[in-house]
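One structure, as structure tokens, below. Some questions next.
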Amino acid sequence: MAEPTMVGAGRSGQAAAHLILVLGAVVIAFPIWYVFVASTHSLQTILRPPLPMLPGSEGIANYSEALGGGINRIGGVSVGRLLWNTAFVATAIAVGKILISITSAYAIVFFRFPLRMVFFWLIFITLMLPVEVRILPTYKVMVDLGLIDTYAGLILPLIASATATLLFRQFFMTIPNELLEAARVDGAGPWRFFKDILLPLSATNIAALFVILFIYGWTQYLWPLLVTNSNSMNTIVIALRKMISFADADTPWHLVMVTCVLAILPPILVVVLMQRWFVKGLVETEK
Amino acid sequence: MATVTLQDIRKSYGPTEVIHGVSIDIADGEFVVLVGPSGCGKSTLLRMVAGLESVTSGTLRIGERVVNDLEPAERDIAMVFQNYALYPHMSVRNNLAYGLKNRGFARAEIDRRVAEAAAMLEIAPYLDRKPGQLSGGQRQRVAMGRALVREPAAFLFDEPLSNLDAKLRIQMRVEIRRLQRRVGTTSLYVTHDQIEALTLADRLVVLNGGVVEQIGTPEEVFDRPATIFVAGFIGTPPMNMVPVDWLRGKGELDAVPAAADVVGIRPDDLDLEAPPGSHLTLPATLELLEPAGAESHLYVRLDGLDQPATVRTQGRPALADGARLALHVRPEALHPFVKATGRRA
Amino acid sequence: MRATFPHRFLPYLLVAPQLAISLIFFYWPAGQALHQSVLREDPFGLKTQFVGLANFRRVLGDPAYLNSVQVTAFFSVATAFLSMAIALVLAVQAEKILRGKGFYRTLMIWPYAVAAAIAGMLWLFLFNPSFGTLAYPLRQMGIAWDPLLNGNQAMALVIGAASWKQISYNFLFFVAGLQAIPKSLIEAAAIDGAGRTRRFWTIVFPLLAPTTFFLLVVNTVYALFDTFGIIHAVTGGGPGKSTETLVYKVYNDGFVNLQLGSSAAQSVILMVIVIALTAFQFRYIERKVHYG
């Protein structure tokens, strides 16, 4: 019958659970659904609440207006440029973090050298220095180094990550000693071992971390806010913030909604399509 | 093909010396087994030969070369690890080929050697699988194949059978021996299992506490154990140790040197029936009879001694627990030792 | 003992990039913050003077700062509690059902991918007084809804947005935590006569404690620091400082009001909070529970 196991939920319990989950999913998905629906209605419909619950007929018109220069008019920079900035920065942060973390974890786990533990702690302690607690002095460093309004300025300070280093370190320590010894007997030096053995074995960890870090990069806010003055260096999140003004009666909300959809769609796609790695990365990095 | 020579090899971790001057000469093509209880230093010694542990002092030669300071890869050895250490992300083929690729062998030569080793080990059907898809026995064969393709000066085996179940272990044991005979490569093999040691070795080295107790052929070691430790370690059930004084008056003791104060008797050498010719007769009480298929083990208490003794006999004697026994042993079967030195008298 | 490669210089080369970035962008600025926090600079930046702990005394005696501490505490506790409670309820339901787990999970993880600032904007779209679809029914019910003018309503809005975004994360961890509880324990409790509710509170919830504890720390850190975007995008700390969290205040005092000494002192206080939280997390969570 429907009773699956003694301690599992019965038929009515199942139904109740599904009901609560559907409710939860609706609440969670609603804001995203709303902005998508809004992006397909005319400005007049948006300004006259409540908004219909289903997409309207203005979708194509809104999107072509937005992509064909509409966003350029309100944000001062093309949507292509914004998406490119954000995608480039997010990818560079993810790749950069993985690169410098995997090499430093490799050194710390597979070599013995003076100051090894000092370096480990220096990296570890950066966990406790998030950008939020050193806003102004970090900004000053950026000014001194001439990194304001540059990609390097957007990327470099965010690619040092104790979290990724710790994850790789933890993973490397589970690799049996004998694998390294077998490789040494097989004539593999440090570089060959890294390239032929460690890197392939880390593939799923790298994929998982990439998803998490890409999202991290894409959703950055405080840092891009600080180091960019020029509109052309904005990420799409910052640009969106600049477009919104509730005091301004002329805000073209339908275009704002389109921009919003464009700003959240890529990371949502990454998370949903790479769900397996995303969940693994999230739960295993333990942040 | 080469000789392997260890000359007064020592190993210290900090102030603690764990290998106290070991010297072994392994002839070209010889199969030498290092055997001893866990912690005796046998694995450390093997790993020193491999180059995975540094040599604190002494000279290590493979062929004519002193290899003390060479990288493992430069020593021309191949190693089979306890847990196989197969590269989990590579196919069997690539596992075999990896060491050759790193050494810059030509594609055709690599293919030839891999095919040859695969045929010899009967793993050709699995060449394109990953190690994770193989059974324990198959993985073991791949690990051997990886050593084989290298055609090295010496094979080093680090307890390669300990992860297999009993049946497979015997089968692979035979196979390793057969293979080594066939290719004739000098081999050094570490195990804690004395049966494995006795069956595989041309010569075996019994290690204890970082010191060599005895080096010899399996027959020599079994028939004439050089120390009390070897006597107790090699042979199952282990040898019974009986004070010489207790034996006095129980038969002829002319063969036992005067210096000896303790005598070892193998459980097989204690007979329930009196043999023809000269023998000693030991009075005992049966405490437990343990049938073990074709043979039986009798746990007995020798009159006037507190330690138990073991008797191994063929068949199933019709005896009840508590029965009085007369055990007979021929004088040639007594192994005389000096307790103070632990050495054979 | 770990097997290693013998090599003199290579390891230094390998750690160099991360070390360089850490030193330039983490340690140097953090040192600057420490240094700056004990100095006073005149408004023209011409003279600086060592003032000891005066900046800290001033900050800690400032009613605006104490207000910010209160705001942050309330905001953090409410956000952590709300997002964890909702996530736990959903995770428990998801563990119960036989079919459709993957489907629900897919729907639950979306908010994680949304930037905090955008999460705030989405909620503002829904609840803004001029055209918010959900503000509309509130007004119809006679509630004077205007989070841009009413401090409590503004607080409710940012808490809503912040909790909403964090549900995904908590949900995934609770699911992993629940899966790690051996089914045999729950069955044993059932045999011992514990009903469904009793089983949850006496077996499942206590065994979930390490996950809950871990999430509590993570959510506190999240609410303290990662929600800057929400505050900045939605309320700007207003109306009337009613949503001015500590991080927002550091930013505002440093960048907008240019009070360098005060901002630096606030940075140092925040640093101490993070260090305490991190130490706490590692002290109590390192020997833990394995997730998944």
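A, B and C are the chain letters, set down in written order, and residue numbers restart from 1 in every chain.
Here is the rule we go by: a residue touches a chain if its C-beta (ideal position, glycine included) is under 8 Å from a C-beta of that chain, and two chains touch if they have at least 3 such contacts.
Only a predicted model underlies this, so the values are computations on that prediction, with no experimental measurement involved.
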**OP:** Would you mind checking which chain's mean C-alpha position lies nearest the centre of all protein C-alpha atoms?
**Re:** A
**OP:** Just grab the chain with the largest centre-to-centre distance to chain C, centres being mean Cα coordinates.
**Re:** B
Original post:
What whole-number Å value describes the gap between the mean CA coordinates of chain B and chain C?
Top reply: 61
Subject >> Distance from the mean Cα position of chain C to that of chain A, given in whole angstrom >> reply: 16
Original post:
Measuring from the mean C-alpha position of chain A to the mean C-alpha position of chain B, what distance in angstrom results?
Top reply: 58
Original post:
What are the residues of chain B that contact at least two other chains?
Top reply: 52
**OP:** Note the residues in chain C that touch 2 or more other chains, in rising order.
**Re:** 3
Original post:
Going by the touch rule set out above, which residues of chain A reach two or more other chains?
Top reply: 178, 181, 184
Subject >> chain B-touching residues of chain A, taken from the complex the two chains share >> reply: 176, 178-179, 181-188, 192, 196-197, 200-201, 203
**OP:** Provide the residue numbers of chain C that touch chain A in the complex, in ascending order.
**Re:** 1-5, 7-8, 10-12, 14-15, 17-19, 21-33, 36, 86, 89-90, 93-94, 96-98, 100, 104-119, 121-126, 128, 130-133, 135-137, 148, 164, 167-169, 172-173, 176, 183, 186-187, 190, 196, 199, 214, 218, 225, 228-229, 232-233, 247, 250-251, 254-255, 260, 263-264, 267, 270-271, 274-275, 278, 291-292
Subject >> Sites on chain B touched by chain A in the complex >> reply: 47, 50-52, 71-73, 77-79, 81-83, 85-90, 98-99, 102-103, 146
**OP:** Would you pull the chain A residues touching chain C in the complex into a rising list?
**Re:** 4, 6-9, 13-14, 17-18, 20-21, 24-25, 28-32, 34-35, 38, 46-51, 99-101, 103-104, 106-113, 116, 119, 122-123, 126-130, 132-141, 145, 156-157, 159-160, 165, 173, 177-178, 180-181, 184, 189-190, 193, 215, 218-222, 225-226, 237, 240-241, 244, 246, 253, 257, 260, 263-264, 267-268, 270-272, 275, 278-279, 282-284, 286-287
